[in-house]
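Each of the next two complexes has chain A plus one other chain: chain B in the first, chain C in the second.
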Partner chain A sequence: MSSAMSAPRSDDVSAVVILLDVNPYFWGTKTSTGFTFEQFFQHVLVFINCILLLSHLNQVTVIAMGASACTFLYDSAAIDGTASGRSKQEKRPESRSTTITQKLQEFVKKDEAAETNLGPVENQFSNLSGSLSMALCYIQRILRKPTAPPQPRILCVQGFPDAPQQYIAVMNSIFSAQRCSVPIDACIVGSQHSAFLQQASHITGGIYMKPPQPEGLFQYLTMVFATDLYSRQFLQLPRSAGVDFRASCFCHKRTIDMGFVCSVCLSIFCKHHKACSTCGANFNVKKGGQKRKHPSS
Partner chain B sequence: MPRVRVISRNFMEMVAGLPPAKLDLLYKRHWTCQAVLRSLPPLAKLYVMRLLYVEEAVPSKSLQDWALPDAQQKHQVAINRMEKLRVILVERKKEVCYRMNPVMQKQLLQALSISKGPPRDVMPGNVAVRLPTPAELDTYAMKQWESVLLQLVSSASSEAPIVSPNFFVIDMFKLAGLLLSLKPNSAPSITDTGFQFLLMDTNSQLWQLVQVYVSAAEDRGTDSGELIGFLLELGFHTVGEAYSVGALTTPLQKVLEELAALGLVQLQKGMKEQWYIPTRLASNLSASLSESSDMQSSEVLGTQGCIVVETNFRVYAYTASKLQTEILRRFARLEYQLPNLVVGALTKESINTAFSSGISAEQIITYLSKHAHPHVAKRMPVVPETVSDQIRLWESDRNRVELLSAYFYDDFPSTEVYETVLNHARSIGGLLWEDASNRRLVVREELHGDMRLFIRRQSGAAGQRG
Partner chain C sequence: MLSVEDDGDVEAEEAGRDMEAYERAYADDRSWEDLQEDESGRLRVVDVAQQQRQHRKRVAAMAGAHIQRGIIRYLYLLVDLSRAAGEMDFRPSRMGVVANCVEAFVREFFDQNPLSHLGIITLHNGVAQCLTDLSGSPETHIRALRANLECAGDASIQNAIDLARGLLCQIPTYAHRETLLIFSALSTCDPGDILEAVQRCKDANIRCSVVGLAAEIYICKLLCEQTGGNYSVATSETHLKDLIMEHAPPPPVLAESAVASLVRMGFPQRGAEDAVALCVCHGEVKMGGGYICPCCKARVCELPTECHICGLMLVSSPHLARSYHHLFPVPHFEELEGTAMANGRESEFKLCYGCQQKLPFPGGEVSGVRLVCPRCRQHFCYDCDLYIHESLHNCPGCESISSTSSLPDLQN
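And then the complex of A and B:
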């Protein structure tokens, strides 16, 4: 598979879009390691400072993914761009973290409200697809700037397990990231591996890592995820041991090993259907009779 | 611009050349630490990040394992660079170990985690001084810088000086070898390097001057470490924000006035205190310090190009700037000068005068295409091929005749003697010209001794003339 890192890079200026999992369902139910959200958030804040320290042209954008929505928390480029008197103060690290924290608090409140409206059960997932699309749209905007843009990459810090119902949306985002050569890095702070992000980093040429000790997150972030695309050609970086390539079915959003595939549009189903729900192709050709057998039985 | 990179790398080398004690002193301020960090090669930057939280010395073996086997060369370059700048210190125990310079480590850690105020005291909001708008500041910087260059140009033209001379700037030019006083008290005249300097882009020009400025600092009574520290720090100031002059040490206050002459800062008098406002020139100066930023716009001030070159060798420059006009005059014959337009022609004579002052064809063409009018800039090629080819041809024309000092031999007694001498000259590779019918030949000067011996051995009767 062609990776996104084929184009030669000659400089290390990068634009990093960080997707932060702030899902209260994950951070609320505490894991055995005792790694709290406060610690996590602080690690990330210092990491943002690190990236901005490395080069004055570096850009960092932070997108929070909550249980029902996602939002931009911070954009270093936006603050540098506006030359109003107030914003100048925000370049300082101190005010940077206060801005992010404030934004986060606002977002969490909104997210909470939106969530109760929707009913809690089926929304107990982080909005990965939404934040990925947001990041990609944003990157498109950077890439279209007339001046030579920095090299964009996405870093996804996820805690909550994958949401099977987002399968199609996530895969679409991954393929569009591949098309515009944006590597997706993934750092899993939760207890389960994420099949979506394994595939994402595999397809786009990013790095997938699940730190064995999440409380040392900062060290992993600086050692691995701070590496710009240029330097990745020269440094030893963790390689993923294996990728979970299993797909989810379109009908029940279950992750399946084997299933039915529509011969016209390649949609995946876990059970035999009379017609494809995506493209409408009719599978029930009378003459052939019972052609397919159920794979699992 | 590769050129900027070379020059700015030289600057960092100058920083590396400071004595260790001074460097450590420099690293006491976290702004300089950050500036130095940003100037490192990409790999070295990441190494610093990785070492930042390591307090013990790390064996060089483990550092080597970070890089891929076929990237060891890059790895070594990065390590050497860090060592030179004392970012990492070498410790030799059983094996070679590296540890981060503790002074720098502490500063960088603070910069990362603990909030620090702006590098210097910002003007509080309640002071009633009107700050210049970004546009005004740009115009100011551009005007200052233009007047600096005009100093250089005006010394070249024999006419009355266009601007009143600024002795500081002229001194700098002299030190940089761009201006040369032939007699102690006569007006200095521009050198070949000076002409070439005019055609460089602003950032390179600025770097070159700053470098001279720093190396001359000790003689002028400023501590070079302090000066370098301040220059590095200037990049972290916010453009357009006013900073208090009073907070600086006295030598730096003097420096500030000189930097204002270059257009790096604007000085503003308040009610009680004086303020300085860094311009875009200053921020771009340190921006080009990081090796990776060759993508940064080379034209610092966003000056719009104004030159249109036509296939008939006419040059139109929509400009009112004296500097542009003067530079154009170096290689074009100016025909009319209207308030906002200068019309000239590239002629063989005008281009030749440029060549004789050391400007190359490539420099002229790059200048023309770099400063192209936006309407023309989209066209490919920006300078019509006929024109650029002709300029190159004119240049190669000049190189058609090569002057070599040589010796002329004639009056050979016989054809045989002539033939042997000729063959000898040919075999030692010094033969330049031969005329068999009149038995004459010309041989390079440096081989004369050898030739004389040979001819003497052949016959005692070989005549020669120098």
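And then the complex of A and C:
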């Protein structure tokens, strides 16, 4: 960790890691606006070209989020292994798009094969925690570069709503990103807001946006998410409306204002229980926080 | 007897006989030959794999298995400001180095234990004084310490731990009571029987740890052994910082040291942007923002804090989530040995699953160790392993196995 902090990052070079939600359970259902996956993918490909055109030192990495797995689709810095320059072929955007599309098709086939032994459709969620972890491991590799590594950031394009069972893993990733000063931006193309990504952007200093008209996705992406971190202070970017940091109780999953927290494992309950259901601790006292009795010798 | 041409041989022989035992160990050690330049021009030791293995062993020895940790902590920092702390053997002075380490420790402590409280007690002129009360704000402590760095007089351990014990007896039973003494002196001047003071601390369930700067002292060792704390002595500035930072993560605790209970906490919502209100922490009029206590509707500026009006502890869910990784730690990764690598499917696993770096295999140009997660059987490089276990606390492979994980259903 100390080696990552010691090299000062260059101001206007960015390394963007894009997490794309390619979950077929989301894209297969008919949305009210008729925004199909082909249109979405085209917008994203043009956006990737746009970032790479802004500066020749910019790097883009694309990770696909499936229902059960995630994989690296494209890495602009990994061609030929040479530190400077990419090969002449990869500079052409057409071959870049072809590579990404091919890799995506392979991934979706593998994901489909793995999905057949998962639960019913309502339980399928996009693998946000796995892809965030992979993105952060990759960013650590970028930051280990000895000379002037670029400023990394993560852009998460998500369609599916949040998966409650991924809560701890997503929060771990968010705190780790905060420690490395990596902002997490979020662009929601689904219909529901994502509380996880709202918290992520708030804690790490990123931008959260849900475009009201997804057909114009490319415009939103370039206006809000394309610039490097240094230039963001000069731009008028969408401000977060308000983040709901309230917790849900473990027994009913209701959002609560006031609750009881187990002092051993920090599980949250809405009313008093005899014992903690997560760690099994017995609560002997009726009220929490009574004063200590004098210890008997 | 010694002819001119024999001089060199005889002298070399005598030199060989005269070599001490410790010198003989280094006689054939040509460690400069082990250095090489890597692709970016830095010097590195050739046997990278051995270095990595040694580091992993050290880290594994420090980390424990799945044990209960005290997450809600009330810690008193006992800082020694006696004349021994003004010595110059650490640059610029012992006190300067300690002040820097304490500042870093305070920030790390509140980062890792957001629900905990810290207070500072100083030892000088034979008495112990409470510099700051137990509170949850790092700036208060750092400012107070920086303003009071004069070193004078003797240090008295008994007064310090008696004062800390008196103050810690007033806190709730579910919290873990701890003290950390940063001791520069070589003696303690006490008004009474220090052994009784140690016994009283032990009865009060206070875990006392000591970080020494000078030398190992018997009374400090006794104090730590009796109360279940950690005693370590620093040998240099960086070592001192490492030792103090080791006390930032929650320590393992015995089940009987704190009573498990349900603590009533509030989860306030953020106030509206255009509301004007009097905040209870500063007593000033503030515009917009802030958090509203759900019980008494008072406005506080930041979380976590205790509402000054009704005493309810106010937190937000990320503060609780910061400690969840202690409950579900990532399993220790196993090293894949050379023979297993040769027989196995290393052709499928050419790249690290986390960062897509080339993984080492016998005969290849990349050196180092290759690590496997016992649960998901994915291969990782050494740097990813370090990052996953120290900072991320998620294994990317285990997260991708399936959406129906074995962890309990914890929801925001």
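General remarks:
As a convention for this text, the second predicted complex is superposed on the first by the 227 of 297 C-alpha atoms of A that agree within 3 Å, B and C clash if a C-alpha of one lies under 4 Å from a C-alpha of the other, contacts with A are read in each partner's own complex, and residues count from 1 in each chain.
One rule holds in what follows: a residue touches a chain if its C-beta (ideal position, glycine included) is under 8 Å from a C-beta of that chain, and two chains touch if they have at least 3 such contacts.
The structure displayed is predicted, hence computed values, not measured ones.
In the superposed model, A:36 makes contact with neither chain B nor chain C. Contact with chain B, but none with chain C, is seen for A:223 once the two complexes are overlaid on the shared chain. Applying the stated contact rule after C-alpha superposition, one finds that A:233 touches chain B and leaves chain C untouched.
Contacts of A:13 after superposition: chain B is touched, whereas chain C is not reached.
Of the two partner chains, neither chain B nor chain C is touched by A:213. In the superposition on chain A, contact of A:250 is made with chain C only, not with chain B. By the touch criterion stated above, A:263 is placed in contact with chain C alone, chain B being left untouched.
Of the two partner chains placed by the overlay, only chain C lies in contact with A:129; chain B stays clear of it. When chain B and chain C are set side by side, the one touching more residues of chain A is C.
Within the superposed three-chain model, A:54 lies in touch with chain B and out of touch with chain C [touch as defined at top]. Shared contact residues on chain A (touching chain B in one structure, chain C in the other): 147. Those residues of chain B whose C-beta lies close enough to touch chain A in the complex are 34, 37-38, 42-43, 45-46, 49-50, 52-53, 65-68, 71, 74-75, 108, 111-113, 115-118, 125, 134, 235, 238, 240-241, 286-287, 290, 292-297. Per the touch definition, chain A reaches chain B in the complex via residues 11-13, 46, 49-50, 53-57, 83, 85, 88, 91-95, 97, 147-148, 218-219, 222-223, 226-228, 230-231, 233-236.
Residues 40, 42, 68, 71-72, 115, 169-175, 203-205, 258-270, 294-295, 312, 316-318, 320-325, 327-328, 352-357, 383-384, 387-388, 390-397, 399-405, 407-412 of chain C are the ones that touch chain A when the two sit in their complex. By the touch rule above, chain A contacts chain C in their complex via residues 1, 67-70, 72, 75, 78, 118-119, 123-125, 127, 129-130, 133-134, 136-138, 140-141, 144, 146-147, 162-169, 171-176, 179-180, 195-196, 199, 203, 242-248, 250, 253, 256-269, 272-273, 276, 278-279, 281-285, 288-292, 295, 297.
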